[in-house]
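These notes concern the structure reproduced below.
Labels run A, B, C and D following the written order; every chain starts at residue 1.
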């Protein structure tokens, strides 16, 4: 099995990973713009995070450099922190305006 | 060491004033700080032997090749002396003002002084620019919170207008930084920039606009009278005495070396505009009823002449202009101080409300008269030396322009004497008792007038300071 | 070395006096202040005399270098004094007459509470005037030139509580300043041409080249400067108004010294003028016109000092006529004699005014010869001196000018003679109206104190014998003043009066006869008068015009003063307020408008902003892509 | 092996699309969990075993559960969300597509990646990641704890503030309809 996995790195071209990650990222981006539900938007953000993580890992594997994976680890840390804060804000928002519709947040209007 | 002291003394004092808020002692602390700065500058002067003294030269933004270079040459030193010399008097003038939060006022003034020192010490174009814009910030707050009527609108106008010029200057500087190979904006290498003449012709205005607004030159001047009239006394002093000299300094240090061909191309246009301003300001000043506004227009007139002299670009014109810059700084402080002193006594700076004050305040009248002698450039006062040199310089450019320039001495006499008459002369109509010149008035006016007279009789020290740098500047120009 | 120190002391002593008096002006009494001021100027006079005694005319002159003044680039202008025949002559006049007038002022001003200030300013004036005449280059002269202008301003407006006096002071200063524009331009031009402003160097270099346009311009500018200071057409209207000042001031500044600065300047730079005949012609005719117009105005003035003021303008015109003909020594001679008798007349007038407690209108005088005898006698001497009665000082100096005039053209002689007769007429009118007839005023006349009468007597003597200074060959002299001045100004060597003795005697004869006739006419009309003619409105047109001073003041007011005020006010209210400020506001408005446009994009809609951000990212990526 | 890659890729893309398009948030969460699991599969394929484990624990185990909690807490599981206007939706899809195309175009021309010569399949193992993490990145690792702390404090503050406010105005009343309208406006 281990041998098989190692060959997988060689068999699957890096470009495939690139395209896959771009696709996932783009879906996330489209979702952020597409949806009005804040919680879905947060999920799309997670999706984008993960596409980047995957890309980093792929590069790491191809370059045989463990440091990129450490960065992925850090990104996960940050993502976890971000999600907690984001969800807390969401809860606040629900309490204050009784909605999770992102269009309610238009106080930035100039 | 000198550079560090000059920047740190006012800066740290300002910080201390801002956070400790010693309301009672604020003015004294600020005064001591400015006197210390003056001492440092005078020491630098006594130790100065010529050339450019560089105190710091280190990497700043390595990826752009920018370096943090601080130092001074003769012209810079002159400006430093000027700044250091007028600030104690500006602070002292504040003793008569009853402004709220004196510690904040003095802190802002000292911040301004710090940045002004920075402007005159910077030996890199971008560094110069940063200090140039920084110096505006404390003044902005000072005007905004302590100004007179309509302060909000006028301050914002002033700020936008000056920033517009600054923006244009920044654009020009960045354009230049992108031009030459290996050019990093240092004043030392600034002359090596070879920009094509066709580019120089428009680039000149891009660079010059900022200084034209700051000075101000004729069509760009209209922020000035309102701002001067509205600003608190000390603010006007800072603006008129020192801040506008930054424009002059910038023209010498930046505009001329970068776009010499542009300067040559636009020389007569600028002189013409400057002289129109000089005459225009002189004529308008005659009928102004507010003393401070009159000073604003008279300053416009003087500065027009200054700029015209500078743009003669010969050794008399430039030296004269620099000398006159010094004289003008002292003059503006004196004049504004007197307007403040009169306002203190009469309660308004409207000249219609004054008249006949000589009866009550003969000493103040005598001091005013001496200031007036300087304002109309009587010989043996400082202004005369500067004006004479400028006239001599302008004549070499164009006789007609020289004629126009000389005619301003008549305009100056007309409005100054009329103002003197309206304030001081005439029948005594004051029922109340009025204090004559106080110790404070003497402390401010007497030394300034003494300097004025001394440098009018013996201008050597200052002229020596600028002579060599000016010669070098001009010879580098003719090489191009 | 000792003479150098002495030279420097001459101007410095009055300056020291001015500084001391100005700073102690509240602690000193009028008499102490006056005494100190007089002592200092008298010391200056003594120093001048010593210098004059020790001066060897044949050496040409000496320069005493005091200080480097302006030295930058190629310009090197020292603060230096020059001692030569010309400056010595002027120094003696300034300090000598100055001392007398200082002395006189002690008596005249003793009741004024601001007497110390007055003496300080008088001393300051002496300093400035001495700088003017002693300067070794144009710029030093200009120091004095402006300095006397300032002092004149201060002293005319000495009684500052009266607005009209302040106006007169301002007018004097501004008109002088207009002349100064010419002076500055002339200096700039000369500096450009010669690279120096030292008189000695310029005069050496300036020989040759007739009618060089640059020289014509320079001399014309110098002359403009001189018209301002010496009250010539078109800038003379300030001088009569300047009579607002205390009378000693009128005597010292506006008769004897300051107003002759223009003549001094032209004599100083005579070499330049010799190479510009065009300018000389202009000087000649402007001088003539001034002499006649001023004299005509003098005929109808009723203010004792105004009569003398117009007379001064007229006499200055004569001096300019002399200059215009190249008779520099004649001009200087007239400067000297005029200084004597005009100072005398003014001081006499001051004595009269003092005697009458401030009355200046001659319609309220008359019959004073009995009550103030010394004043009357000295005034009489002054009058006959200025009228040019034979053997008086004015006779020699004025006749010299008129003789040169005849040499130039008989028409000019005619005009000058007419002017001289006018002078005689109005001076005797003044004399008769003031001292003869019956007293028409109310105050009780009393003779002035000794400090005032001594100067009168000294000046009266000088007015009589002043002619000896330059006694012509005709009377057995050998023109000592001319020969003295020659050593300082080369041009004087070439002056030559080529008239035969017969012609000269004839001219003198004609003049003398006509002068006596005029005196008789004046006697007949005015000596017995108890009242004076009525209002100006009743006069015929021309007479009224002259009596109203050719309406020059009104003309200038209409042409310059009022339009200037109008322009000043309207430049502010119209151009500045409605063009300049809106343009500036336009910048702000443009920023606001742009903000208004961009503001609409700030909907606050989060997804819109996200979309915009996304588009931006795409664009940037595309740009990067394209550039690869 | 390629087949396995394609399988995981297909799962992740399809589930990602469901995340975006599902009407009910619960469905989105479930789809996202599936998506994350497939990404964990990718990690395994890349021999990044440590990451795969951490990923499953942190994301699927912690974060997604948090999401579920919140949804349930706030009672958001109804598909009440009003859809955006058609124009915005089309714009979103077009923009996302364009973005994707641009990125793909970028690597078509730009990036060429060659696997390193000294290939080491063991980089993703716990050992090598751990060595790197605790040698080279020890300080950031420690600092990240501070990040967590601050996040925790922030969350507590956010949650608490309302309670304090509510406590001050004694009876806790639900917002009135009018008040709601006002706030929405």
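Couple of notes before you dig in:
Please note the rule applied: a contact is a pair of C-beta atoms (placed from the backbone, for glycine too) under 8 Å apart; a residue touches a chain by one contact, two chains touch by 3 or more.
Keep in mind it's a predicted model, so treat the numbers as computed, not measured.
The most central chain, judged by the distance from its Cα centroid to the centroid of all protein Cα atoms shown, is B. Rounded to whole angstrom units, the spacing between the C-alpha centres of chain C and chain D is 95. Measuring from the averaged C-alpha position of chain A to that of chain D gives a distance of 5 Å.
Between chain A and chain B the centroid-to-centroid distance comes to 57 Å (mean Cα coordinates, whole Å). Note: centroid distance chain B to chain C, computed from Cα atoms, is 37 Å. Annotation for chain C: residues 607, 611, 614 touch two or more other chains.
In chain D, 84, 88, 91-92, 95-96, 99, 103 are the positions where the chain touches two or more neighbouring chains simultaneously.
Counting only residues that touch two or more partner chains, chain A has 29, 33, 36. The set of touching chain pairs reads A-C, A-D, B-C, C-D, using the touch definition from the header.
Residues of chain D touching chain A in their complex: 1-2, 4-5, 9, 12-13, 16-17, 19-20, 25, 28-29, 32, 35-36, 39, 42-48, 50-51, 54-55, 58-59, 62-63, 66-67, 70-71, 73-74, 76, 81-84, 88-89, 91-93, 95-97, 99-100, 103-104, 107, 111, 113, 115-116, 118-121, 123-124, 128-129, 131-133, 136-137, 140, 144, 147-148, 151-152, 154-155, 158-159, 161-162, 175, 180, 183-184. Chain C meets chain D in the complex at residues 607, 611, 614-615, 617-618, 621-622, 624-625, 628. Chain C contributes residues 598-599, 601-607, 609-611, 614 to its touches with chain A in the complex. Residue ranges on chain A touching chain C, taken from their complex, read 29, 32-33, 36, 102-103, 105-110.
Against chain B, the residues of chain C that register as touching in their complex are 22, 67-75, 79, 139, 142-143, 145-147, 150, 153-154, 157, 160-163, 166-167, 169-170, 173-174, 177-178, 180-181, 184-185, 188-189, 191-192, 564-565, 567-569, 571-572, 575-576, 580-581, 583-585, 587-588, 591.
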